[in-house]
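Look for chain A in each of the two complexes below; its partner is chain B in the first and chain C in the second.
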Partner chain A sequence: MHGVIDMTQATTLTPAEEARGPLLEVHHLTVEFATRKGIVTAVKQVDLTVRKGETLGIVGESGSGKSVTSYTLMRILDRAGRIAEGTITFSGIDVANATERTMRDLRGREISMIFQNPRAALNPIRKVGDQIGDVLLHHLQAEPRNVKAKVIEILEQVRIARPQERYHAYPFELSGGMCQRIVIALALACQPQLLIADEPTTGLDVTTQKAVMDLVTELTRARGMSTILITHDLGLAATYCDTVVVMEKGKVVETAPAEQIFRAPQHPYTQKLVRATPRPGIALSDLLPEAPAVPSPLPVGERSAPQAMGEGAQTSSQMPDPVHAAPLLKVENLLKEYPRQGVPMGFFAGLMGKKAPPEDALFRAVDGLSFEVKKGESVGLVGESGCGKSTTSTIVMRLIDATSGKITFDGMDIGAIPAKEFAHHPMRRRIQMVFQDPTDSLNPRYTAARAIADPLLRMGEQFGIRGAAQMRAKVEELATMAGLPLDLLDRFPHQLSGGQKARVGIARAIALKPDLVILDEPTAALDVSVQAVVLNLLEELKQTLGMSYLFVSHDLHVVRLLCDRVIVMRQGKMVEEGTSEQVLEAPKAAYTRELIAAIPHPPV
Partner chain B sequence: MTLANPADRGSASSSSGLAATLRHAKYVISENPVTGLAFGMFLVLIVAAAIGPYIVPYDPLASDTKAALQAPSWAHWFGTDQLGRDMFSRVIVATRLDMGIAIFSVALVFAAGGIAGIAAGFFGGWTDRIVGRISDTIMAFPLFVLAMGIVAALGNTVTNIVIATAIINFPLYVRVARAEAAIRRQSGFIQAARLTGNGEWRILLTQILPNILPIMMVQMSLTMGYAILNAAGLSFIGLGVRPPTPEWGIMVAEGSAFIVSGEWWIALFPGLALMFAVFCFNLLGDGLRDIVDPQRRT
Partner chain C sequence: MLKLIASRIATAIPSLIGVVIVTFMLTRVLPGDAAAYFAGPAATPQAIAEIRTKLGLDKPLPVQFVDYVTALSKGDLGSSLSTGQPVATEIASRLPASAELTLSGLILALAIAIPFGIMAAVKQGTWVDHACRVITTAGVSLPVFFTGLLLVYVFYFKLGWAPAPLGRLDVFFTAPPTVTGFYLIDSLIAGDFETFRSAAAQLAIPTVTLAIFALAPIARITRASMLSVLSSEFVRTARAAGLTPYKVIMVYAFRNAMLPVITTLGMVFSFLLGANVLVEKVFAWPGIGSYAVEALISSDYAPVQGFVLAMAILYIILNLVIDLAYGVIDPRARSEA
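On to the complex of A and B.
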C-alpha cells in the first residue's frame, strides 16, 4: 500500500528540521477552472505558511476561494480545475506535481480533512465503527483482529459516550454534533500531521460548536498537529487560531495574528468583515460600513437615529411603546406531540413483541408554551436545534395543527381553524414568513417577479390590481422596498446571489402587508456582510410598515440586534423570557448562560 | 384566478423569453451534436406524418398484381409487396398512424399517470396507497400480454391500442412522478406557496408540476419509442390496426412470410422505419431535458 517514493521523500528532513521549519508552504498558488464562460481564476497568487503545531484560520465569504485552496492542498479538485501556477510543499513533498499514488498515501495518513456536512461525509449504510476501522486497516494502523478495540479507543478519545454501543450505530442514528465527532475520529485515526477543517461547525448549534472546536483544539495540541481552519466566521477563527488569513475574491488580503485581527484590522475588507460580525455592545446600524454599499431606497429617518443615541442604544425606543400596545398574537399552553421515531407502533409492534409503553411513544416537541407578541414588537425565539422553536413558528404560521393550546391573533382564535383550511382563510394574508434557506424557499421554475407576484395573485384582492401592467408596477414597488434591483426581476433563482434571493423572499413576505412576519433564521445561510444589510433592511421595513416580528434563531447576538424581547427555549419549554438586554447581559437561567458562553469570544 | 393569466404572461416576458429559449436550444445542439441529429430525425418524422400522404408517388392502397414482389428499383425505391403496392409510399403514409398512436397514448398516460404520481408523492397516505397498488397490479402482468388482453377485450380499434399502450406505461409515469414529488414535498417554496394562499391542488399543479416537467419530458420521449414498438407489435400479431391500412407492424408481419423466399424488402423497410423512430425518440430525451430545464441555462 505504501508508496516507496513518498516515504523516502518524507524522511529527508530530520525531525529537528521539521519542528523548526514550516510544515506546509504554499507559494504564489493560482487555481483555474475551465467553465462554459471560459477560464475562471478561483485562487490568485496565494501564499500560506503553516508551521508545525500551528493553527491557521482562513476566513472569507462565499466565493472567496477558501475552500478551493484547501481542496488544492489535498489535490481533490474537480476535473475542470487545475493548478496554473505556484508551488505547494508539504514536509518536503511537492504536492502540486506529486503522483496520484503519492497523494493517496498522503491523504488520510499525513493530511486529513473534516467537511462541512458531517452526515454527507459518512457513508449512510455502514456502521460508524466499521468506517473508522476501514481507515485504520487501509493505512495499516491496525490488524483485523484488534481493529475493533482500536476503534473503540478512538471513539473514547473524541468523547463519544457508550462507545461499545455507538460502534454499531449508523450515521442517521446520531446527532449532527455526534456525526462530526465521528468525522473527527476518522480524520485523526492515522495521526496525520495536518488537519484541514472546512467549516467544521457550520450547521451545528453554538454549544455543539464549542464542544467540537474545543475537542479539535485539544486533540491537535496533544498530538502536536497543525490545523487549517476554514470558516466564514471571523469570530470563530480569531478565537481558535494562532494566525488568521483573510481572503477576498481568491486573493489573500490580510495575514495577521489572531489577537490583532479584531483589534486592528488593516485591510478595508477585513474592517468591513469585523464591522459586520454581530458582537456585544453594538447597534444594528453599526454593522454596516460607514458609507452603505447599497443605498437604501427608503426614505430613512430611522437609520441614523440609533447611532445618534450612542452605543448600545435600544432600537426599540423608536417604536410605539410596546409595553402598552395590545397583544397581536397570544399563544397559550401550546402543546405539540409527535409519535417518537423508531418506536414500532400498532400492528408491527405487536408482531415483533416490542410493545412500547404509550408515554414513551409520544415526543413533545412543544410542551406547554405561552407567550405574546404585541403590535409593532419584535420577539426573538431562541434555542438550539430540536428545542421546538421551528415547530412553534410553524404552528403559529398555521401550517401544522397543535395537539392542544390556544392561538389568538388579533382577538380571533386562529388555532381553532384547521391548518388545511387556513390557506383560504382571510387571516392567512396577515401572517407571513421569511424562510431560513432563500434557495429552497423559491420555486426554481419561477422568476423573481413571479415569486413576488404569487401572494398578490392569490390574496391581493384589497389592492385592486387589474392587468399585467399594474401587477408589474406593484411587484417593482415591492422589489424596490426590499432593495432588489429591478433588472433582476426576470431572473430565475439560480441566477441570483444568496442576498438577492433573500430580498426576493422578503419582498414576497411583505407583499400582502401582513401584521405579523415570522422570520425563521432569515440570515443563517448568508455571509456576514450580507446578513448585516438584510438585518438592517428588516428593521427599516418594520419601522415603515409597522409590522411585528417573531424572530426564530439560534444566534443570540443576531436576535439581540433586531428584537425587543427574547424567549429562550429548551426541549419545548420556555427557559427564560425578558428584554434582549436583560437576557444577554444578566441571564437568569443556567442554560442561557451556557448558550452565551458558547458563542465564540474573539480576543478583542 | 381572473388576475392570474395576464400577470403570468406579463412576468413570463413573452417575446424575449422565446428568443432566449431559441438561443438556448441552439447552444444545446451545438454543444451536443447527437441532440442535433435527434432533432433532425424528429423533423423528418414530423414532415412524413404531416404531408406524407400528399407527396408519395403511389396510392398506398392501390394494388397492381402485374408489379407484385418487385425488388427495389428506381420506380419503386423500397420495392413492392405481394399485391404490387409500392412499399415506399406505404412506409411513408404509415408514419402518421404510428406517430399518432404513440403521441396520443403518451399524452394520455402523461396526464393520468403523471398527475396520479404527483398526487401520490405529494399527498402521501391513502392517495399514495391506492395509486401505488393500482400500478403494482399493472406491473404484475407481462406488459405486452396485458396490452393484448386489453385490446382483445375492448375491441380491435386504433383507440383501444392507444388506451392499452397508455395503461401499460402508467406505472412508469407514476413511479417517476411520485419520487420527484416526494422529494419536493417538504421544500421551502411549497410552504411559501401555502402561506400565500394556494390550495393543495393548486400547489400540485403550479408549483410541483413545472419542476417535474423536465424529467417527465425525458420519460415521455423514451416511452414514445416504446409506444411505437408496442403498437407495431400488437398489429404484428393481428390485433389493432387491420390490413390493408398501412402500418409498420402489419407490414413487417406481412413481409415476414416472404423473407424465406428471398423477398427481404417487404419486411426490412418498415422495420427500418420503426428503428429510425424509436432511435430518434431515445436520443431526443436527453437533449429535450437540457432545453426545458432552466437550471442548465446561464
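On to the complex of A and C.
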C-alpha cells in the first residue's frame, strides 16, 4: 500500500499544458443550507482541482454532497443554500464572489452542465431545437438568421439521426437516450471549457449509458475540455475518469488516480464502496465488508431457526437440488399484444376503410416466451427497457391477462384465471412481489408495521392470527427476518431510509410464505452499499424459506450474483438462456455480448 | 385541430340534452302556479283553468316536454308570461350586456392577477408576496354586492368620480347601432367617442367589483404553479445554461405555469356568471342575470329555461376554447387528441 498518492500521476497532460495550471480550483469549500431545523452543512471543507483536459470523477452515495458541490460551482444553489467558507477559482475568476452578471456569462459558455433525468431537464413544451437555439442566441454564438443551421449542426455532432426533423420535436416525443443527447447538445453548444455531468446516465440502459458516455468522452476530448463526472457508480467513474474523488457525508475522503481506486483503495469508506460494487468474478458475500466488522442482516442465531416461520419452512439442507427439482412455474408461448398508438383502430376506422392490417395495429410486448422456474431456483430476466421483462413479470404475477399462452403454477393453470379474479384466489398468496421503487410501493399513510401486516390482514386466514397482539408478534418476526430494527416498525415511510423501506417491502412480500417471489429491480433505487446488504438478505431468505425467485433486472452483474439461471430478452423474445456463468462468461448471442460489453469495465 | 373541435362538440351534446331535460323538470316542480299568478289575485277558478289551458299547462308532462323540444328545435324559446316578449329576443339583447361586463371583469382580473402572481412567486417571502396574500384573501372574503356597494358609496356618492350606477349608458346618450352588442366596441365602430366614454365610465365600477372577486383565485393559482415550475429541473437547466432571469421566468417557467391557470380560468368564469346576477342588481345593469332572477321569482318558466340553456351553451363554448388554448400551449395535449 502506498501512503500518500501522488496527484500528478493522475493526469496524462504534456508539460506545456501542465504549465497553464488548473482550470478550476476549489479550496476549503463549505456550503450550508438554512432549513426549518436550523443550519445544515451539506459540503464541508472540500478541496478539488481540475486541470485543463482532465476528467475528474466525484463519487459518493446519496447525501454525500456531490450534487450540491456541482451546483455551487455554477452558483445555481436554491435560495436556502449559501457558500459559508472557501474559494472557487475558475480560470482566474473568483466564482464565490462574482456578480450574477458575470456568472450568467460563465454559465453555459464557460461551464455547463448535464443533468440526471434528461426528460425532466428539458422544457416539456418547447421544441428541443428552440431550447438549444436559446442558449446559442443568448451567448451570441449565433444570430437569429443562422441559429437553425447551427442547432442542426450541433444535433449532428451529438449523433441525432434526422436532425432536421428532430429540431421540431418535443422532449416527450424522444427516448431517454435521445433526450440525454439533446441535453449534451445544450451543454456543449457554446464550446465551454468545463462540463459538469451530474449522474448523466442514471436511469438509462447499459447500452445507452455506454453510448452516452462514449459520446461525452469523445466530444470533450476533441475540444480539449475538462469534465467533472458526478456519479454514485464507482465503476463508471473509474472507467471514464483520470482522477476520482470519493465523498462521504459532505467531505472528501479520498482522491486518487482512477486506476488505483479499485486496486488500492485507501480510506475505509472507499474500500466499502469498492467491495459493494458488483463486478465479475466475485460472490454475493464478497459485496459486504469483511465479516466481523459488519452486522449481518440476519442475526446469526436465526439463520438456522426455521421454526420461526412455523411448519412450512425448510432449511437449505432440505431444499431440493434446483437442477432436478420439479418446475414450480411453467410459462409456455406467452404472448401479449397491445394496440399501437396512432394507428386507426376500431369501429369508425373500419367504417371508413382506414383500418390498419392487424399485424401493424398490434405491438407485441411479449412474443412467444417460454421458460420454467424450478422449486428453490432463482431465474433472472434480463433486458433493456422495453424488452418485455416487466410485462412478463406482471402477467406471471397475474395482474394483467396475457393475449395467449399458458402459465402453470405448481400444476395449476393460473393463466386461465382472469387477472380480476386472481386477487381473491387462494393462489394469490403463493406468488408475491417486491417492487422497484421502495418509496412509491408503500402507502405513505401506513406505518411499517401496518404495511407488513397488510397481506396478512387480507389473505392470512390460514395463519390463525387472532387479535392485535398476535399480529404484532407476527409482524415483528417478519421484520426481524428482513433485518428491520423493531423500533422502526411504528414509523411512516418518509421517516425511513431507502434501505429500510426496501426491507419493509421484502417483509411484506414474505409475510404470506409465498412459493414464488417476483423481484422487479428491487435494488435499482438503492445505493451500492445498501444494495449489497439487500441482495445478501434476499439470498439468505431464499435459503431459509425455500422460495423461488424471478428476478427482473437490467444489471447483468447483479443478476449473476443472485440467480442460478439467466434469461436474456429482447423485443419480447428470448435471446439466450443458460446458467449465470455460461451466459456471462461465454455468451452465445451477439446481443448478450453487446450487453456485457456495455457494462463499465473499470481498471481493476 | 378540426378533429379535436368536432370531438369536443360531440361530447358536449349529451350534456346539452341533459340540461334541456333538467331545466324543463326543475321549472315544473318549482312551487307556485304560473296560471294562478297571471290570472291575478281576484281571478275565479274558471279563469285560472282557462289560462292554464291557454298555456298548455293542463297537458301531461311528457306532452308538454315534446311541445317544448319541438319549439326549441325551431329556435323558439317561448315567450315571457310577464312581459309577453319572446325569450330569444330578450336574451339576445341582454346577453351582450352581461358578456361585456363579465369579460371586462375577467380581463382586468387577469391583467392584475397574473403579473402579481408571478412577482409573488419570483420574490417569494418579500413584501410583494405578502401583499398578494392579503389582497387575495380580501378578494375571496368580500361578497360582490358588498364591494359593489362600497365602491358606489366611495366613488359615486362621496367623491363623485363615477356616474350614477344606473345601467349601461348615461340617460343623455343613445345606444350605438348594434353590431356586436358590446357598447364599447359598437361605439368605436360608429366613431362615437362621447358614447364610448360614457359606456366606459358606466362599466368601470361594476368591472372593478367583478375583478376584485375574480382576482383572488387567479393570483393564487399563478403563484402556486409558478413556484412549482420554478423549482423544476428544466428551469435549473435553463439557469445553468446562463439564460437571463427574464427569459427563464417568461419563456421557460411562465408558459408551463399557464396550464393550471387556464384550467382555473374556466371555473373562475363560471363563478363570475353567478356573481353577475348580484352585480347586475346593484348597478341596475340590463343583463341576463337580473332578467333570470325576476323571471324565477314570478315562476315565469320560459325565461328561466332560456337562461339556463344559454349559460350551458356559453359554458360549453368556454370549455372548448380552454381545451383549444391548452392544445396551443402544450404539445402533449395536442398529440393525445
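Methods note: the second predicted complex is superposed on the first by the 541 of 604 C-alpha atoms of A that agree within 3 Å, B and C clash if a C-alpha of one lies under 4 Å from a C-alpha of the other, contacts with A are read in each partner's own complex, and residues count from 1 in each chain.
The definition used in the following text is that contacts are C-beta pairs under 8 Å (C-beta built on N, C-alpha and C of every residue); 3 or more make two chains touch, one makes a residue touch a chain.
Not measured: the values here are computed from a predicted model.
When the two structures are aligned on the shared chain, A:78 is found in touch with chain C, with no touch to chain B. With both structures placed on the common chain, the touch criterion links A:393 to neither chain B nor chain C. Legend: residue contacts after superposition of the two complexes on their common chain; A:433 is shown touching chain B, with no touch to chain C.
The partner of chain A that touches more of its residues, comparing chain B with chain C, is B. In the superposition on chain A, A:106 makes contact with chain C only, not with chain B. In the overlay built on the shared chain, the residue A:170 is in contact with chain C alone; chain B does not reach it. Of the two partner chains, chain C is the only one touched by A:122; chain B is not. Once the two complexes are overlaid on the shared chain, A:500 sits clear of chain B and of chain C alike. With the contact threshold set out at the top, not one residue of chain A is in contact with chain B in one structure and with chain C in the other.
Those residues of chain A whose C-beta lies close enough to touch chain B in the complex are 36-37, 397, 399, 420, 423-424, 428-429, 431-433, 435-437, 440-447, 449-450, 453-460, 465-469, 471-472, 475, 490, 492, 494-495, 505, 508, 511-512.
Chain B contributes residues 3-4, 6-13, 187-189, 191-200, 207, 210-211, 213, 294-295, 297-298 to its touches with chain A in the complex. Across the complex, chain A meets chain C through its residues 74, 76, 78-79, 103-109, 112-113, 115, 117, 120-126, 134-135, 138-139, 170, 172-173, 183, 186-187. Chain C makes touch with chain A in their complex at residues 124, 231-234, 236-244, 247, 251-252, 255-256, 329-332, 335.
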